[in-house]
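Data block below; observations after.
First chain written, first letter: the chains are A, B, C, D and E, and each begins at residue 1.
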Amino acid sequence: MFSLPVILYLSALLFSIGIYGVLARRNILVVLMSLELMLNAVNIALVGFGRVHALSTPSGEHSGQIFTLMVLAVAAAEAAIGLSLLLLIWRRWKTIDLRELCRLSG
Amino acid sequence: MIPELESFNLPILSLVTLTPAFGALLLALIDSNSKALIRQVALMVSFLGLLFSLIMVGNFDSSVGVMQLEENHSWIESLGISYHLGVDGFSILLILLTSFTMPFVFMSTWKAVDHRVKEFHIALLLLQTGMIGAFVALDLVLFYLFYEAMLVPMYLIIGIWGGKDRVYAALKFFIYTMVGSLFMFLAILYLYNHAGTFDLTLLLERLKTTHPLDVIQQFWLFLAFALSFAIKVPLFPLHTWLPDAHVQAPTAGSVVLAGVLLKMGTYGLLRFAIPLFPDAAMDLREEFCWLAVTGIIFGACMALVQTDIKKLIAYSSVSHLGFVVLACFMTDVESLTGAILQMVNHGLSTGMLFLMIGIIYERRHTRDLADYGGLASVVPVYSVFFIIAVLSSIGLPGLNGFVGEFLILFGAFRADPLWGMLAATGVVLGALYMLKMVKAFLFGPVVHEANKEVKDLNLREIIYLSPFVVLMVWLGLYPSSFTNLVEPTLSLYVQLLQN
Amino acid sequence: MSGWLEHLIFGILAASSVASSFLVVTRRNPIYSALFLIVMFGMVAGIFMLLDATFLGFMQLLVYAGAIMVLYLFVIMLINPRDDSLPEEGGFTEKTFAAGVALLVFSLLTFGISNSETVSTLAEAGTIPDLPEVAQTHGAIEAFGYELFHKHLLVFEVASILILVGIIGAVHIAMKTKPAPVELGSNDEERLVKDV
Amino acid sequence: MEPLSLSRAEILAVLPAGFLFITGLIQLLSDLGDTSKTSRHEKTHLAMIGVTGALVAFASLFVQGTLASTGELYAGAMTDDLFGRLGAGVIIVTSLFVTLMSGGYLSSSGNNKAEFHSLISFSAGAMVLLCQATNLVSIFVAIETLSLAVYVLAGFFKENKSASEGAFKYFVMGAFSSGFLLFGMALVYGLSGGSLSLSDIAASGASSDALFAVGVLMVLIGFAFKVGVVPFHSWVPDVYQGAPVLAAGWMAVAVKSASFFALCRFLYHSGGGAYLDQILVALSVVTMILGNLAALNQQSLKRMLAYSGIAHSGYLMIPVVVALSGNDLSIGASLPFYLCAYAATTLAAFGVLTALSVSTDRDNIGDLNGLAKSRPMLALGFTIALISLAGIPLTAGFIGKLMIFSDAIGAGFIQIAIIGILTSLVSVYYYLRPVVAMWFRDPRSSFDLIPAPWGVQFTVGVCGIATIIVGLFPDWLVELSRISVETILG
Amino acid sequence: MDSNLLWIPLFPFLGFLINGILGKRMGNRTVSIVASVAPLLAFSVAFGAWRKIVSDTGVSALHWDGFPWIWLDGLLEVPFALHFDGLSAVMCLVITGVGSLIHLYSIGYMKGDPGYHRYFAYLNLFTTFMLLLVLGDNLLLLFIGWEGVGLCSYLLIGFWFQDDANCAAGKKAFIVNRIGDLAFLLGMFLCLIHFGTLDLAALVNADNLNQVASETFEGSLFAGMGVITGIALLLFIGATGKSAQIPLYVWLPDAMAGPTPVSALIHAATMVTSGVYLCCRLMPLFQAAPMALSIVAVVGACTALLAAIIAFTQNDIKKVLAYSTVSQLGYMFFAIGVGAFSAAFFHVVTHAFFKALLFLGSGAVIHAMHHEQDMRKMGGLRKQLPFTHITFLIGTLAIAGVPPLAGFFSKDEILFAGYQAGIMEGDTLSSLFWYVSVATAGMTAFYMMRCVAMTFWGDSQVDQKLEGKVHEPGGWIGFALFVLAIASALGGFLNVPEFLGGHAILGHFTGLHVSPTDLTKDELVALHAGEFTSMLISLAIAGAGLLVGFLFYRKGSGLPAAFRNSPPGAFLGKLSENKFYVDEMYAAVIVRPFEAISQLLHTLIDQVLIDKLLVNGSALLVRGLGELFRRMQTGFIPGYLLTFGCGALVLIYILLNSMAKAGAQ
């Protein structure tokens, strides 16, 4: 059970759940969380792969983990920007409904 | 009397081509408020262009048919594009026609164009460079470049200084022309990838020897080239942009359009489409000839029912250029000579007609035939010139139009009597619609009050119209001085086709 | 640490992460979503540790659960959407569509994973192989740091810029200014004139 | 444990990006103490710093001296080759012009803040790195850095409702696509023997693995989103329209260039493109068609340029696919060339939009009416830009199209060339609409034209002239592109 | 090589240039001097040339090599060269002679017209072209003149262009002529293809003709037809246009809209006979095409009859003369058709004299009547216009064929030729047409008598207002009438047939006369007997015509009315009065349908189908698609995301699919 394919399936499943969340939800907050979900899913795959390749990897045994660390950093920065944009939207539009942001079209 | 070029090593073709462009640059530096100066400079530049092209003719050896006065420099080496110019029998008369027309076009706009004078003259000069460049270019990309470069100034001329629906007409003109030329562009690129060069002379040789094209390739490539040129001509049924463009264009635009620009199509057929893909051209000959014949008759029928003078003449162009296309697909020297003469003739007669309509439009601001009538008694001198132009247009023997039409009809008749006969009906129809127009325009009682006050030609107008008349008579009575320049090249060309 | 216990722990972690992430995307109230997300992050951290990424597991907890989720919660508090002001969620069709896409993505990925020769080669052992003695420091902070600064120095430095950009951006955007008196960018309502 | 040491080449290679980052920092710091809100024109120093920094960065591109690739630096995180330097050059020059324009532009809208300048500088640095990056992590981090900066730039005028909407759209979709990009990278990493470096990935011979191909495809999707390839294009028009003009220009030119450079390197190096040519052809065709057609009926200039940018991404996909499938190394040279030409042209176009936006917040085509009368030089510059975009001769755009279509035909993709030609015909129509408005129509709108800031005028002028010059004498640039492509392919 | 020949057309051309360019400033007097001197000078040069070929025994023709015109070495060589032989000499003299008289006449006639100088410029130009027509040494040069005279005719018919009807008439003339010219052109092409030249001498060269004679057309339509027949027919169609034969005669009556001297010169004496000239010029070619000749005869005879019938009921004096001209031209073609080229040409000359006289006479009447042309408003004018009356009467008698006036000889010769071809040789068809021509001769006498009677005799119907103002024109008008009257009276003696003791000078001089050689004495006697019979018949019929005409239209005769009241008379009268509705038929069958079809094509094919549907339609389609794509950009983020997701899905699917396929293989 605890093997690479399973880890990958798990990662894919979490990724898909994240996609579902992004696509299905109207609440911007939840959409942002779903995006975090997607990133986390990838992290699992990365760490899993890194673990499998720990001895053979030419880029260093921790390459997968370091990649993950960078994803963490990106996720943090992204969350900061995303949430500040959310605040901005809230101030300007008084809504957190994704669907109401549709003035620009055509 | 003519300076020997060898001793000067003068790049005469570049001079002929680029003089107007430099003139345009010069104009750009002049203050746009000094209109008179702008007009004078433009006129001088165009006369300079005429002078250069006369020198070019003087140095042209009419005893051989090969490319002459060639200039060949590599330009964009990495893409295999060269600056290759040359002149032979196909192009020399057309270059001359262009250089000849432009000064008088400039003279004609003296009064007609009064806003944005500077831009107007710059556009015209650039247009001149584009046209001559297209006639002298021997590199396919260079040709395409000039071919397209003409489009922009013409587009601006129609769009800015045109009539009421100018935007629609200009856009239609532009897009329509682009349709064809883009396909030609693809074909050019295909040829390059096939034979490894853009140079026409090299291409002709390689396609014959080392890099032959198969039937299907030839077919599609020819169609791509021919489509582009057929639109430019314009060949029925691709002609509908022309009436709109003509009607909306200002006088100078119409003159250049009818006088020179349309010839680009037939010139392209003769210079590129047919010699590059002779087999495909011969395979499709019947179809194109039928289209040309249809165009002759259809154009004439359309001209018959027009009430707008410019539209009428535009349709007459469709009809007249049908003759040229018909001749382009013949393989004998007679019809090809006719084709080239007819290009020049059409340039002169239709150019002059448009000039004259411009003159009357300046005075009356209408082009509707119903607004005229009886002008002959008000403006007799004008009427005389107008009738001469009309007569030239309907091919009265003794004037220029006849010589070309005769040669073309003869060639077509020899190739297939039915084509000859049908095309010849175009001559009758030509008389029909032209005289109908003359009757409604010049004759009859003066119905409208406004027409009674119309002023006759002034000296300037007479001066710029007279050279046209002189050339019409010259070409009509002594065409040998022109056909001599053309014939050797055509003989070579015919040999090439027949092999 | 191998054998059945590993499998069991992984199974529990995996199942609860899936469950909590499913709850994240389905809860109507974002507060619950956020809480379940924290749970999910914890589970993922556990998986990391199971995979010998000890340091990373702690980082996961610190950064995600500690920093990011706090940020989320702050924002939720700030906005404080009451139940009735929460956006109305999409109907069945929308959800079905989204679920369809997600499912299809999942099945395609699953198909790819199960058909991948490389994956099957890597998984031949049936489980994650143990690390040999020499690599016992794997995942430890020292080795991790050494590699980070020797092999991924550039990336590390760029990441600092990334964070800086994030800070500048967040500050600029979130900083409160007086709303402009005139509403800019109203051009899209003014498509009155048709040209050409 | 051996100590950390950097080679000379490593230091030289990172100089351009480094200077840009430092520039951004200096701009930030220089503005720290300045709290005055009234002074509109006092902050010219920001732009000056930016320009200086960009110039220094540009100069540092040449210190390497050799045209050959230096091989991998920073343990394979980046390389310093002509291809990367060409991309860096485009980006730095673009940043130079954007900075030049931004001073006056921002002052006129009362938003002249250091953040804008420094975000431009930071993102430029990230883009330069992106062009040079040769491993997955550095690509990822660079791309995310520039994305985050651009998200903020897109919503920089936060008082503006549209801007916030655009920025948020961009952000959500960007993050979504980042997920795909990242997942793809994870797969590529995992399936190529645990290597992050592109060259190792290529050497691992994993390209026949289906999942690996899926990984490459997902990375491609991530890039496709950045450059606005259909069907990942939806954000482009909305974001361009909402964003400040300069930010839109920055996205249109720099982000696209950097992404294409990186995409090329990724596809060529990772060897993952083997099964992608069909997909790339499909993407290219769909993009050309939809981009051009949707641009037809736009009223907003920004939207029109956005769709035109989408269409151009479609054209740019042609050399990508051609180079992937062809064996001829010279093929594919059209990509850097086209990007350079596109950059000059688009900068000129956005420069004109900037000049307009100084006077009005409207950007309808009708607002250009009579511009040729009131601002002939501006109109001329815009016209040149538009006809270059349309691919009409004597402009850089023409040579670019010539190279692209010639390459396509040479590689046997005649159908794609025909579709490209047809769609560029369509494009002529909408490119001419502003020309019509500027030259053929009489001024109608009532707003007063404020003279454009000199930086904008300068940019429009230089880019317009460059467009023509490159159109007339493209030889050097063609050669440069060819050599640069050979450095990554060879 | 005789470059003097060039001066023949050049003098009038100079006159044209001077009058055309400077005329307005020179004053009418100078204009008239220049205009009249030009043809007179041409006449004198032509006369000199004529003297040369008459006196110098070795020289039968003069030639001016000119310069290359349409000249492609070895392929198509058409020089601009003039040729002066007997035929052209006579034509030249007639043109310049009669032309000069008409110029002089016009001085009086056109006095005070605002377009005075224009008129004379046109007239000079016409003379130029007409001379070029007869002097040209090849068909193409002839064609210049051919179309040139058409142009002048067009300009002169529409001379008073303020009136729409005049312009319409001019236009009609030009167009109808163009139709004929089309055939002419095609004929030339055939010549070029089969003879390789357009040189007139080469075309009638016996060797060449023999060579071409065997060639026939290929293809379905005219398969088997001889090439020469084709050429002859096409050229003849050209001639029907210019010389107003069925079916292209309709323009000539309308052409009377021009000033009367123009009608005299162009539409009676010279231009309209150029078709006959062409046939005479190419006599051997036509002779080599008997089938063509019989068609010529049929057309000629029919035209003669038809025009004569129409002339019966015309009330406009010029229209009567116009139909008479058509009829006489028909005669000439009839003569050609039966092979009597000499007779035809002779009739050309005499007809030039008396028809010019008649027109000028009618012009004098019209001038005196202040441009009243309706004969019903005349009558009894012999008192006021005695001189005109006398000259007109001479013309009438001449055309009716009263000996020894000019018409008698020429007409008699034609009738005899018909008689010979029909009755004497027993050819039914030819006999039939001979009867027709004889009947026409009688009708000619009749309607001319009617014309004289209505105009000059009987009671005056002149408008009261004009009463007393009508007076004899003097000066140049009188002079021209006088000279032409003498010519009409004596012109016949140019070609007195041999059996009357003459020598057929004209026929021999022009080389058209076919003298019956190697005839036995008996045959000669029979021939002369036949000729005598024919002459008697023609005399009788002319006398009868005159007599009946006199009876009908003498003072107080009720016969016309009685005739018109009888049913057949009413029917025929109406038919004749309406010119057999030919114009209406043409309008209904050709002109109007053509215009309607053009209009239809314009709206339906050109505007709707091609322009709207195909051109703008495709543009609209593209824009519609663009609009669709634009609308797809809804602005909803979930929509965008969904697009993104679906796009990714599809791509991944395609990839996996293609890889699975590749793997399976």
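To be clear about the criterion, a contact is a pair of C-beta atoms (placed from the backbone, for glycine too) under 8 Å apart; a residue touches a chain by one contact, two chains touch by 3 or more.
Bear in mind that the values here come from a model prediction, so they are computed numbers and not experimental data.
Peer 1: Please find the path from chain A to chain C through touching chains that uses the fewest steps, and give that number.
Peer 2: The fewest steps needed to get from chain A to chain C is 1.
Peer 1: So which has more C-beta pairs touching, A-E or C-D?
Peer 2: The comparison resolves to C-D.
Peer 1: When you take the mean of every protein CA atom shown, which chain's own CA mean is nearest to it?
Peer 2: So the chain nearest the centre of the shown protein is B.
Peer 1: Going by the average position of its CA atoms, which chain sits the greatest distance from chain C?
Peer 2: E
Peer 1: So which chain is the furthest away from chain D, centre to centre on CA atoms?
Peer 2: Centre of mass proxy via C-alpha means gives E as farthest from chain D.
Peer 1: Measure off the straight-line distance from the CA centroid of chain B to the CA centroid of chain E, and report it in whole Å.
Peer 2: About 37 Å, centre to centre.
Peer 1: Using mean C-alpha positions as chain centres, tell me how far chain B is from chain D in Å, no decimals.
Peer 2: Centre-to-centre distance between chain B and chain D: 43 Å.
Peer 1: Please compute the C-alpha centroid of chain D, do the same for chain E, then give the distance between them in whole Å.
Peer 2: Here chain D and chain E have centroids separated by 78 Å.
Peer 1: Where the CA atoms of chain C average out and where those of chain E average out, how many Å apart are those spots?
Peer 2: 100
Peer 1: Give me the residue numbers in chain B that touch at least two other chains, ranges are fine.
Peer 2: 167, 171, 175
Peer 1: Which residue numbers or ranges of chain D touch two or more of the other chains?
Peer 2: Each of 75, 137, 141, 144, 148, 151-152, 155, 158, 161-162, 167-169, 172, 176, 210, 214, 237-238, 241-242, 298, 429, 432, 436, 441 in chain D touches at least two other chains.
Peer 1: Which positions in chain C touch two or more other chains at once?
Peer 2: 90, 94, 97-98, 101, 105, 108-109, 112-113, 115, 119, 151-152, 155, 159, 162, 165-166, 169, 171, 173, 179, 188, 196
Peer 1: Spell out the part of chain D that touches chain B in their complex, as residue ranges.
Peer 2: Listed in rising order, the residues of chain D that touch chain B are 372, 387, 392-394, 398-399, 402-403, 405-406, 409-410, 414, 417-418, 421-422, 424-425, 428-429, 432, 436, 439-441, 473-475, 478-479, 482.
Peer 1: Note which residues of chain E are touching chain A in the complex, please.
Peer 2: On the chain E side, the touching residues are 630-631, 633-638, 641-642, 645.
Peer 1: So in the complex, the part of chain D that touches chain E is made up of which residues?
Peer 2: 168-169, 172-173, 176-177, 180, 210, 213-214, 217-218, 221, 225, 230-232, 234-235, 237-238, 275-276, 278-279, 282-283, 290, 292-298, 426, 429
Peer 1: For the complex, which residues does chain C have touching chain D?
Peer 2: Listed in rising order, the residues of chain C that touch chain D are 108-109, 112-113, 115-119, 146, 149-155, 158-159, 161-162, 164-166, 168-169, 171-173, 177, 179-180, 183-188, 190-191, 193-196.
Peer 1: Which bits of chain D are touching chain C when the two form their complex?
Peer 2: Within the complex, chain D touches chain C at residues 1-2, 4, 14, 21, 24, 28, 74-75, 77-78, 113, 115, 118-119, 122-123, 125-126, 129, 137-138, 141-142, 144-145, 148-149, 151-152, 155-163, 167, 191, 206, 209-212, 214, 241-242, 299-300, 361-366, 432-433, 436-437, 441.
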